[in-house]
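Next come the structures, one after another.
In what comes next, subunit A is part of two complexes: it sits with subunit B in the first one and with subunit C in the second one.
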Partner chain A sequence: MSPANLIARQSLRLTLRESTVLVIAALFVVLVLVSAWLGWRATATVNLIFTDAAAFLQSQGRALPPNPVLATSPLSLLRNVAVYVSLIGVLAAIVVGNRLIALDRRSGVLPLYGTRTGDSPAYATGKVLALVALMGTLTGIAAVVSAATLLALPAVPVTAGQWAQFWAFFVLSGLYLLAFGLVALGAAARSRSESVGLLLPVTLWLVLTFVLPSLTGNLLPTASINPVSALAAPPDAAFFQWSAWTFGSVSVAESYRYLSAGLLDFLPEGRLSPAAIPPLATLLIAVVAAFLWALRGLRTLDLTRSDYDV
Partner chain B sequence: MPPSIIALDRLTQRFEDRTVVDALTFSIAEGEVFGFLGHNGAGKTTTLNMLTTLARPASGTATIAGADLVRDPNGVRRSIGFVPENVRLYDTLTAEENLMFFARLSDVPSPARRVRAVLELLDSLPYAGRRVGGFSKGMRQRIGLAQAILHQPKVLFLDEPTSGLDPMGIRMLRDLITRLNREFGMTIFMNTHLISEIAKTCTSIAVLSHGRLVFHDRIEAVTARYGDDAALEELYLSVTPDTSLAGAA
Partner chain C sequence: MMSDTAFSPIATIAAKDIRDAKRDRFVLIVTLFLALGAVVALVSGAIALRTDAATYAAAKETLLALGKSVDQISAPEFYPLKLMRGAIEQIGIVGAAIAILIGYRAAASERGRQTLALILTRPIRRWQFLAGKIAAGLALLGIGLLAVLATLAVVAHFASGVGLSADDLPRLAVTWVAAWAYTASFFFLGFILTMTVRKTATALLLAFAVWLTLVLVAPQVGDTLDPDNQVAGGVFKSLSIAKPDQVEIMKQFATYETLRDGIEQASVTKHFERFTFAVLGIKDTYTGVPLGPILIEKQGDLIWIFLTALGLGILAISLSLNADRLTKAE
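Presenting the complex of A and B:
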């Protein structure tokens, strides 16, 4: 096994023994489960009421109205998942990214890597591989749970095109989580203290999730992550038109929200992102930038230091 | 006199404009237990970082077991083991799991068998299945030593190995170092500022002050000339300027 794969495997083993990581990842999966159950329950209830009503109307010899369940896309039932990815999913990604490096620094083992792998890219590659595997697993579990819900929904057929949208949404969510995980990885490698290494990505997450969307989507920060109401358009004022166009290009959370809404069929008809750069491009640029940030941090990590500064 | 296994040739390190290790030139014979003394900030750890390939020298080089530090760092890595100061290893893994990982990373053949053999050698086999997080400082240091000798290196580097150990731990470590040297012919390079340890363990010493080598001799010659441990302390203080107390960090 190559040193990079060995380091990745060891990192996975270590991270999965961390109670903080397990709790936050479990919370994410539970929330996805709850979201799926709520969607399933609501649809099943409406369908049940419709079936009863249809039987009654038929007995009266009256015409049947269309089933309201069939009027909406089954994918829109998963809209809450997009919120959980933005909130608890990203927090899980940040914690995982941080622990992947912080555990090594706290254990004083960096010189042991340095005297074995030297300045080869094995350490950086191993850590990025471990992060990709963990984010992939987390997103994969969420996808399987959501897919099971869609399959179990009564009277709601999911077309092949919708399945493609479904998987595209989870690939996108995986990339979104990976971006934050990489930021945390880079911050943990660059910072001189453990707390700063965690605070930095958390601050970035707060800014991207709550501050920027208030300038690019709506004045209310909570509205920017609310999947129940339709996506809010920027207020019709020159300043907000300008800020949405300008900051929208760097508002990664807002871009993810637009892309999710499009893929899960809850984007209002005709609504386009007001940002100068298309949302997909913003997200991809963010992933690449986060990757470069993490790589630079890992490649410049001082392997001679066996601990954090105190 | 056995051939030299470590030879430093004008080894120099600079941080920005400051020279922290200044053209060190000396050699250490195979099978020695070498004590590298110096005040805090003298440049001992910086020298060790260069010799263990963790830091590239600003100029000069060194040869370890025939491999050049600058031209063939991987060759050097194959011949050395390193126990950093305050190595704690992974708390949530057992001693055996920690060692298995580092054995595989060092490309040790039959790692499981080798790990058991090293644990047995260090009288630590009963602790193999226990998590390192629950170990005492002395026990951690023993496992730290185990990871350094898994690949049977010719030279073992130790950075302040007795730092934070109680007298029992110090004695245990001293015995282990002596055993590794006598039974396996391992050359030991030990950074320390504890003169008493040098006198009890080392066969040769060097003193570093403000990045410069100010003394280097065999321990018999030192004790013959200066007498007991107290005289060794006198020697150390005489070659180390008072400014070290207020000096380099």
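Presenting the complex of A and C:
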């Protein structure tokens, strides 16, 4: 077994022994399960409201508008999954990325790795491989849970094309989580203190999720975490056209939102991302940038020392 | 009655923590971060409002030129405090996270420097040590929030184009008190966990998991279950149903609405939002309503916020510290 694979396997074992990691990952999976029910319950309620409203409108002799539920795809029942990926999923990714390095630094095994593997590339490769495996597993579990829920819910037939969209959504969700995991990995390697290593990616996440959308489209923080409200058109002002075009290109959270809304069929008709760079490109650039940041941090990590400023 | 000597160690520890905070500038940096997020939200809102005002003025001019009545278009509302909606939400989300960090640092500083055991060898009671830490943390939190709200008031005064009135100042003062009590709950959460959990980083993670659940997930679940949020623009608007008829139809869904409201009410953040949105007139039904009747109507939300802070505060000050265990762990 290569040194990188050895480090990856050992890191996986160590991280999966951490109760904090397991609790946050379990919370994510539970919320994914709940979110499908939430989507189904809310849609069923709108359908019932329409039935009542139809009777009321008919009694008034008014024309009956089309039922909004009939225009929705079964995949849109999973719209809340995208929100939970961007909330608890990202927190889980940050925790995993941080633990992968922090556990080694805290326990003092870095010099041991240094003497065994001899070089930092093997260490860096091993850690990135472990992160990819953990993020893949987390996203895979979320996908399986969502698929099972979708199959179990009454009267939601899903076509083959929609299943393809479903899996594409989870691949992109995995990439989104990987980006934050890599940022946390890099931050944990570069920071002198364990807590600062954790706070840096959390701060970045807060800025991307709550500050940038406000700047690019006057989106309120609570609307940012509502899958439908978050896709409202920005005000028709020159400032927002400019800010969405420029800052929207680095707003990874918004890019992920557009991609997930498109794949889960709840993007309003005719709504396109106003950013200069298409959402998929922004997400891929973010993953590459996060990878380079993590790699640089891991390569510069001193394998002859193992400490934290406590 | 307690003598001055009982409070002297508290004041000494509090003063030392405040000196530390001034020196390492952590609180200053996070306060600036919160202010930046809140000001961005406020300015974005002001730009959107000015766009609405310009659109209204253009439409009004067109109608007048055509000799038609301007009654058919509704004028945008000019209430500067309404612009604070995004900023208040930033305090509700980011402010709570910052409060956790301040609580975490207040507890972690002595653990990290291995000075906890040393302090406890001095003639000082444990509650006095905890009270000193808490007093400093709450003071820093209060000053930070005061600075953020003062900045917002100045920006709102100039950005709105209308200016704040004397009636707005007590509303801002009440909002500050509510924000202080609300964020204090999260300060206590961070402090208690860091003072009890063996590893400080684990304590920080647990505090963030609770923050995520209370501040983001619970209100999000309630918001998502709102039928009116399921269709872009609102389900009733898409069906062209007027407000009184909406109320009539929603009577059939009383149980559903009770469940939805219950999930929202479980979060202290929702109480903070409901209280401040009413006080500042952000929610339309409270716009222009005098402060007194709002405070009476919304006292339940305020009591909930204060009881949460008080309960956690009592828990924090009654912590039994195991200095040896906490010092050895990281």
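The working rule: the second predicted complex is superposed on the first by the 269 of 310 C-alpha atoms of A that agree within 3 Å, B and C clash if a C-alpha of one lies under 4 Å from a C-alpha of the other, contacts with A are read in each partner's own complex, and residues count from 1 in each chain.
In this section, contacts are C-beta pairs under 8 Å (C-beta built on N, C-alpha and C of every residue); 3 or more make two chains touch, one makes a residue touch a chain.
Not measured: the values here are computed from a predicted model.
Judged by the touch definition given at the top, the superposed model places A:T203 against subunit C, while subunit B stays out of reach. In the superposition on chain A, contact is made by A:Q10 with subunit B only, not with subunit C. Shared-chain residue A:G140: touches no atom of subunit B or subunit C. By the document's definition of touching, of the two partners only subunit C reaches A:P68; subunit B does not. Once chain A of one complex is fitted onto chain A of the other, the partner contacts of A:G114 are limited to subunit B, with no touch recorded for subunit C.
Applying the stated contact rule after C-alpha superposition, one finds that A:L303 touches subunit B and leaves subunit C untouched.
With both complexes placed on chain A, subunit A has more residues touched by C than by the other of subunit B and subunit C.
In the overlay built on the shared chain, the residue A:M1 is in contact with subunit B alone; subunit C does not reach it.
Shared interface residues of subunit A (contacting subunit B in one complex, subunit C in the other): 106.
The part of subunit A that touches subunit C in the complex is made up of residues 20, 23-24, 27, 31, 34, 38-39, 41-43, 45-46, 48-50, 52-53, 56-57, 62, 65, 68, 80, 83-84, 87-88, 91, 95, 98, 102, 106, 194-195, 198-199, 202-203, 206-207, 210-211, 214-215, 218, 220-222, 225-229, 231-232, 235-237, 239-240, 268, 308, 310. In the complex of the two chains, the subunit C residues touching subunit A come out as 33, 36-37, 40-41, 44-45, 47-48, 50-52, 55, 85-86, 89-90, 92-94, 97, 101, 104, 108, 111-114, 200-202, 204-206, 208-209, 212-213, 216-217, 219-221, 223-227, 229-232, 235-236, 238-241, 245, 248-250, 252-253, 256, 273, 330. Of all the residues in subunit A, the ones that touch subunit B in their complex are 1, 3, 6-7, 10, 13-14, 17-18, 103, 106-109, 111-118, 303-304, 306-307.
Partner subunit A is touched in their complex by these residues of subunit B: 49, 52-55, 73-74, 77, 80, 82, 84-93, 97, 101-102, 104-106, 147.
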